[in-house]
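Following are the structures in question.
In the two assemblies presented below, chain A is common to both, partnered first by chain B and then by chain C.
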Partner chain A sequence: MGTAPASRDVTSYGMGLAAPLALFFLVFFVAPLLQLLWLSLHNDTAGLHWGLGQYLHFLTDPFSLSVLGSTLLLGAEVTAVCLVLGFPIAWLYQRVGPRLQTIIILIVLLPLLTSVVVRTFAWIVILGRQGIINATLQSLGIVDTPLKLLYTQFGVVIALAQVQMPLMTLPLITALGRIDPNLDDASCSLGAGSWRTFFRIVLPLSLPGVIAGCTLTYAAAITAFITQSLIGGGQMLFMPMYLYQQASTLQNWPFASAISIIFLLAVLAVVSVFTTLGRMSRGYGGA
Partner chain B sequence: MILNRRSLMTTALTLGAMKAFPELSYAQARPLVFATFTGSWEEAHKAVLVPAFRKANADAAIVLDPMLSVDQIAKINAAKANPPIDVMLHDPGPALVAIGQDLAESYPVEKSAYFKDLISEAQEPMGPAPFFQVVGLTYNPEAIKTPPTSWADLWKPEFKGRVGITNLNSTLGTGWLVEIAKMRGGSEANVDPAFKALEELKPNLAAVAANPGALATLFQQGQIDISPGNFNAIQILKARGVPVEFVAPKEGAIAFKTTIHIVKNSPNRELAFKLIEASLSPEVQTTLMNSPYLIVPTNSKVAMGGEIARVLAKDTAELKQKFVFQDWKKINEQRSAWIERFNREIKI
Partner chain C sequence: MADTPGGRSLVVDAVTHRYHSGALAVENINLDIKGGEIIALLGPSGCGKTTLLRIIAGFIAQTQGRIIIGDHIVDALPPNRRAVGIVFQNYALFPHLSISENVGYGLAARGVDKASRQREAQRLLELVQLPAMAERLPRQLSGGQQQRVALARALAIKPSTLLLDEPFAALDKNLRLDMQIEVKRLQRVSGITTLIVTHDQEEALSMADRVAVLSHGKLEQFGSPSDVYDRPQTLFVNTFVGSSNRMPGVVVSADRTAAKVRLDAGAEIIARPAGGTLTEGGRVTVCIRPEHLQFVGDETGFAGVVGMSLPLGATVVHEVTTADGSGVKISQARIGETRALESGAAVRLAPLAPSLANAFPATL
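Let's turn to the complex of A and B:
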C-alpha cells in the first residue's frame, strides 16, 4: 500500500495521509458507537445484566414501531418535496447567464448561512395562528377561522423541506452541470419533444445527483431534532425526540441506546437502497 | 511580523490543543465550578450570586458552567473520583436521581448560618433549596377578560382550541399532571384520573409543546391563550411586552424546590459550602426576589415585596398556605410509565 518500490504503481495511493482522520474517527466515532452497542445489550438501566430485552421491547411494541415508521415516512415526504421543488431551480441554474447564476446560488446557500434554530423560529412565525399565511388567507376572505398549520405533519414537512433544501439543490446543480447541453439539442433535432427529452435524456443523466441529494436530504430530515420538536410539538413523536426522552428525562440509557442502534440500522437500510439505485443508474447513464 | 508556515503551524497546534484540553490554560488548582442552569438562571447568578460570593470570600475564583440537570449528572458520573463540577443545581426529580446515585454530599447543616432560617420545605439535608419555582395558570389578558381561578377553568368550553400544555418531559408537565390527578381524586401514586381528564381536555387543546420554553413562543404567536406556566418564564415574556398574566389557582400553585448540592469528592468543598451559604443568605435572596429576577425566596427572613408579594404571597405564612409541594420520590417511581402512556394516548 504505502510502499514505493522501483516501479511505483500509479493507481495505488499511500494511506498515510488518511491516517489522522482515520484515527480521529476511530477514537471519537467508532469507539462511542461500540459503547452504545454494548450498553444497548443490557436489560437494566444500571447496565449490569446482559440481554436482548431492550431490542425485544422495541420490536414487539406497536407504538415504538409506529414512531419508527412515521419518522421514516416523514423523511420520504420531505425528500419528495425537496426533489420536486429543487430540480427546477437546479435546471434553471444551468440555463441562465452568469449574473443570475450568482443570484440563484446565493439564494440556495442563504439558508445554510443562518442557524437552523433561527430558520425554524421563522417558520413558527409564518405558520402560527396569527402568522403570515393565516393573516393573508383571512384578509383575502378565503378562510374565516385560522387554519391549524403549526404542530401538524404538514407544517413539519414544509419547514424541514425549506431547512434541508440546499442539500438537495447543490448536488443537483453539479449533476446537471455535467450534462452536455448538445445532448438536448440532439434529442430535439431528432424529433423528441421537450418532455420526452427531459424524461429520456436529462433525468437519467442527472440520476447520480438525484440519488446523492435524496440521501443527504433524507438523512438530515429524519434526524432534525430541533425542527421536528419546535414545529411538530410535544405530541408528534419522532425517533430523535423518543431517544431524547428515554435518555434525558428517564435516564434509561440502555433503551435509548437500543433505539439509536435500531434507528441507525433503519437509516442505513434506506441509504443503501439509495446507493444501490445510484449504482444501477450509473450503468444506465453511461450506456 | 513575518508569517511562515512553521510559525503558523505552531500557533494553530497550540490553539487547537488549548481548545481540546482546556485544563492546559488553568493553573494547577481548579477554580470553584458551579453548574447552574442556562438562560435567566445563569444571568441572575452571574449578576447577583457570584459577586456576593466573591465579596465574602476574598475574590475566590469561580466559574459558571451552565447546563441541564441531566448533563450535570452525566458529567459527574463520568468522573466520580475527581468531578469536574463542585456545586450542582437541580429540579426535584433529577435531585433525587443525583442523590440516589450517590453524587451529592450531605450539607454541613451545623456549620450553616442560614439553614435554620429556611422554611421547613427547603431544609433538605442533602442540599437545601435556595429558590422555588412556581407553576400556576398563565393567560392572555387581551383574549380572556375574566382571569381564571382554578385548574378546572382549562376545561371550560369557551377555551375550545385555545389551551396549551407541555408533555411530561419537563418537571412542569409532570407536576401539572399530578396536580390535575389530585383535583380529580388521584394522587402522586395514581394519575389515572388525570389521564381521563386529559381525554376530556382534547377539544380545548391547541398545542402540546415539547418543552415549557416552546409554550412561551406559542403565547407570543397567539397560538394559545391559556396554559399552565412557570411564574419566572412569564415575567420574562411580560418584560418583552407579550400580553400574559400569571395567577395562582385556588387549588394552590405548584412549587418546585430548586436544590443546590455539594458534589461528592469535590476538591473545593469549603468554597462550595460558602457559595451555597451565599445563595441562602437573605441579602442575595432579597436582591434576586426584586425586579428583574423575581425569584421566589426560601429564607423566612426575606420580606416579600414587589410582584411576588402582589401575585404570589405577602409573607412566608401565606406562601406555605398557597403553595403545594409534591412528593417527587413517589412521582419518580412511575414517571416513565406515565411518559409512555402520554406518548400513546395524547394525539390531537
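Let's turn to the complex of A and C:
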C-alpha cells in the first residue's frame, strides 16, 4: 500500500488481506455464475435465441416441480432427523466430564474424517438386501423377507443424516455452551420441571445454534450429490442428479442452467428464512 | 421449634458430603436454624459453604445426614419441590424473558394464570422498588437492579427458606450497603428464614442473627455475631473474623476461666482459655485484636518499638515491633488530639482486659 503509515485505516489491512480470496471468488465463482445466468436465458440448446423458455418449461413441468419439491422435502427431513438426534448429544456434551467430552467430540467429528464415498458405501452395506440390518432381522426371525431399505427415501434420509450430523451438532454444542448453567438451577429452584426448563429456557436460548445448524445441514443435505445418488439409486431423482443428467447426458445446457438458478433461488429462500429467524432470536443471545 | 408465619425452621443434621474423588467437601455439619432467622455461612473460598447451600437447595445429594425444613425431611425431594428460593451470585436472570416474566416464572411453573402472575410480579417489583421495569429485559438493568429482580423472583414462589449465594460480591461498595439494608428490610417484612453464603465477614456480622463459620468443610463456630467476634472458639475464627495479633507464648498456670501466659515477646499476661483446656508448660497462641490493646505507662505488659503509625480516619493504627521481633498492631480511637507517636519510640502494651486476650493451644 502506498499511503503513509500514519493515515492508514485499520480496515484497509483487512481489505488487502482479503483481496486474493476475493479475486479467486470473482474469477471462479461469480463469473461462472453470471455465465450460468446468461446461458439459462436462452430458449435453444445452441444458445442463439434469448428468452425465458427454460424457466417456463421448468415451472410448468409437473415432473421438474416434483423433483424440486422432493429435494426440498428431503432437506427438511434430514434437518429434522439431525436436530432431533443431534440436540441430545450436544446437551449431553455440556453435562459430562472432560474425558467424556473428548470422546463425544471425537465421535461427532469422526464422519468428517472419512470420505463421503466411503461412508456412503458403508451405508449400502448396512441397508442392502443382504446387508447387516436385514441379516440381523432375519436371523432373529423378526422378518421373513428382507426389508427394502436401500433405494428408499428412508434410506437416503438416514444416510444423509449421519453424513451431515456434525454440521448440526457442532453449532449446537457451541450454543448450549454459552448458556449459564445457573439458569438451569434457577429454573429448577423456582419449581419448574425438566421439560419446562427445556422448552422455556434451554431451547429459546440455544435458538441461534439451532438455526445455524439447520441452515448448514439443510444446505448440505439437498446438494449432497453422491449420497443422494448412491443410496437413492435410479428410482429416486433429486435436483443435483436431475441437473447432472440434463447437463452431462442430454447436453441441454440452457435447461441445466435454468435448473441451477431455480435450485439456487430455492435454497437461498430457505436459508434466508432461517437467517431471518436467527436475527429475530439474536435478541435472546447476549447478557 | 417455633416457626414464624413467613419462614420455617431449617435443620442441617450431621451432613457430610464427599466428592466422587473421595475428598471431603463438608464434614458433619450441624445447624439448627429457627424460622425467620438470618444466618450467614461465613468462610474463605473452598471451605464448603457453597456446597452446603447446594445441598440445602437440593442440587447436590449429601453423602450422609439429613436436611429438615419445617417438619419435613426433604432429602428425597428434587430442587423444584423444596420451595427454597435462591439468589445466585450472578443473579441468573433469564436473559430472553422480560423482568415481569422472570419474576412470574415460578408462578407459571405452578400453573398460575397469566393475569394473576402479572399482578403478583408487579406487586413484588414494587416491593423491591422497581415498579417501572416490568417490560425491560435483564440486560437493560444495572447490577443492583438485576439483584432486586432476582430477589423478587425468588420471593414470588413464597419460599420457606431463602438462600443467597454471595449476593453482594458483584456490587460496588456503596451499592452493596444499600442492597444489604434492602435484603434485611425484605427479610424482616416477609419473615423468611434466610441463609446468606459469604466470604465477607463484615457482611456476615452486620446482616446475620447468627453466623456459622466454616473452614475446610468443618463448622468452626455457630453463634451470634458478638459471640463469634468476642468469644471465638477456635484460632481460625479469631483470625478470620476481624483482624488479630497472634502472639506465641507458654502457659505458666491455667484453670478453666483464666490462664497466665508468658509471651515470647517478654511479659506475663492473663488470657481467656478459648477452645479447650490448657496445660501448664504447653505452647499457646494468644490472639489480641488491635483495638483491644492499650499503651501502658508502668512496667506491666510487653515492650516494643513503634514502627509506623497509620491514621485511618476514626482510628489510628500503630505498628509496634516487640522484643522477639514480631509485629503487633494496635489501634486507638482518635479522640481529640491523639498524640502522634514518633517512629522508634519505646512503648509498653497490654490488653484492655484478660477476657479480650484469647489463648488457643498451639498446633504443631
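Keep in mind that, in the parts below, the second predicted complex is superposed on the first by the 269 of 287 C-alpha atoms of A that agree within 3 Å, B and C clash if a C-alpha of one lies under 4 Å from a C-alpha of the other, contacts with A are read in each partner's own complex, and residues count from 1 in each chain.
Basically, a contact is a pair of C-beta atoms (placed from the backbone, for glycine too) under 8 Å apart; a residue touches a chain by one contact, two chains touch by 3 or more.
Predicted model, so just to flag it, every value in this text is computed and none were measured.
Asks: Putting chain B and chain C on the same copy of chain A, do they fit or clash?
Replies: Chain B and chain C fit side by side in the superposed model.
Asks: What is the contact status of A:Thr276 with respect to chain B (first) and chain C (second): first, second, both, or neither?
Replies: After superposition on chain A, A:Thr276 lies in contact with neither partner.
Asks: Per the contact definition in the header, classify A:Asp180: touching chain B only (first), chain C only (second), both, or neither.
Replies: Only chain C; A:Asp180 stays clear of chain B.
Asks: Check the residue A:Thr249 against both partner chains and state whether it touches chain B (first), chain C (second), both, or neither.
Replies: In the superposed model, A:Thr249 contacts chain B only, not chain C.
Asks: Examine A:Leu230 and indicate which partner it touches, taking first as chain B and second as chain C; both and neither are also allowed.
Replies: first
Asks: Which partner chains sit in contact with A:Cys188 here, chain B, chain C, both or neither? Use first/second/both/neither.
Replies: In the superposition, A:Cys188 touches chain C alone.
Asks: Counting only touches as set out at the top, which of chain B and chain C does A:Ile201 meet: first, second, both, neither?
Replies: second
Asks: Taking the superposition on A as described, I'd like to know which of chain B and chain C A:Gln130 touches: first, second, both or neither.
Replies: After superposition on chain A, A:Gln130 lies in contact with chain B alone.
Asks: Give me the angle at the C-alpha centre of chain A between the C-alpha centres of chain B and chain C, rounded to the nearest 10 degrees.
Replies: In the superposed arrangement it comes to 150 degrees.
Asks: Going by the contact rule stated at the top, is it chain B or chain C that touches a larger number of residues on chain A?
Replies: Tallying touched residues of chain A, the top partner is B.
Asks: Once the two structures sit on chain A together, report how near the CA atoms of chain B get to those of chain C, whole Å.
Replies: Value for chain B versus chain C, nearest C-alpha atoms: 46 Å.
Asks: Mind sorting out which residues of chain A both chain B and chain C touch, each in its own complex?
Replies: On chain A, no residue contacts both chain B in one structure and chain C in the other.
Asks: What part of chain B is in contact with chain A in the complex they form?
Replies: Chain B residues touching chain A: 68, 70, 73, 97, 166-169, 173, 206-211, 214, 217-218, 221-223, 335-336, 339-340, 343-344, 346-348.
Asks: Using the touch rule from the top, collect the residues of chain C that touch chain A in their complex.
Replies: 57-59, 78-86, 88, 90, 92-96, 105-106, 108-110, 137-139, 153-154, 156-157
Asks: Which residues of chain A touch chain C once you look at their complex with the stated criterion?
Replies: That would be residues 180, 182-183, 185-193, 196, 200-201, 204-205, 283-287 of chain A.
Asks: In their shared complex, at which residues does chain A touch chain B?
Replies: Touching chain B: residues 63, 121, 124-125, 128-131, 148, 150-151, 229-230, 232-235, 237, 241-242, 244-245, 247-252 of chain A.
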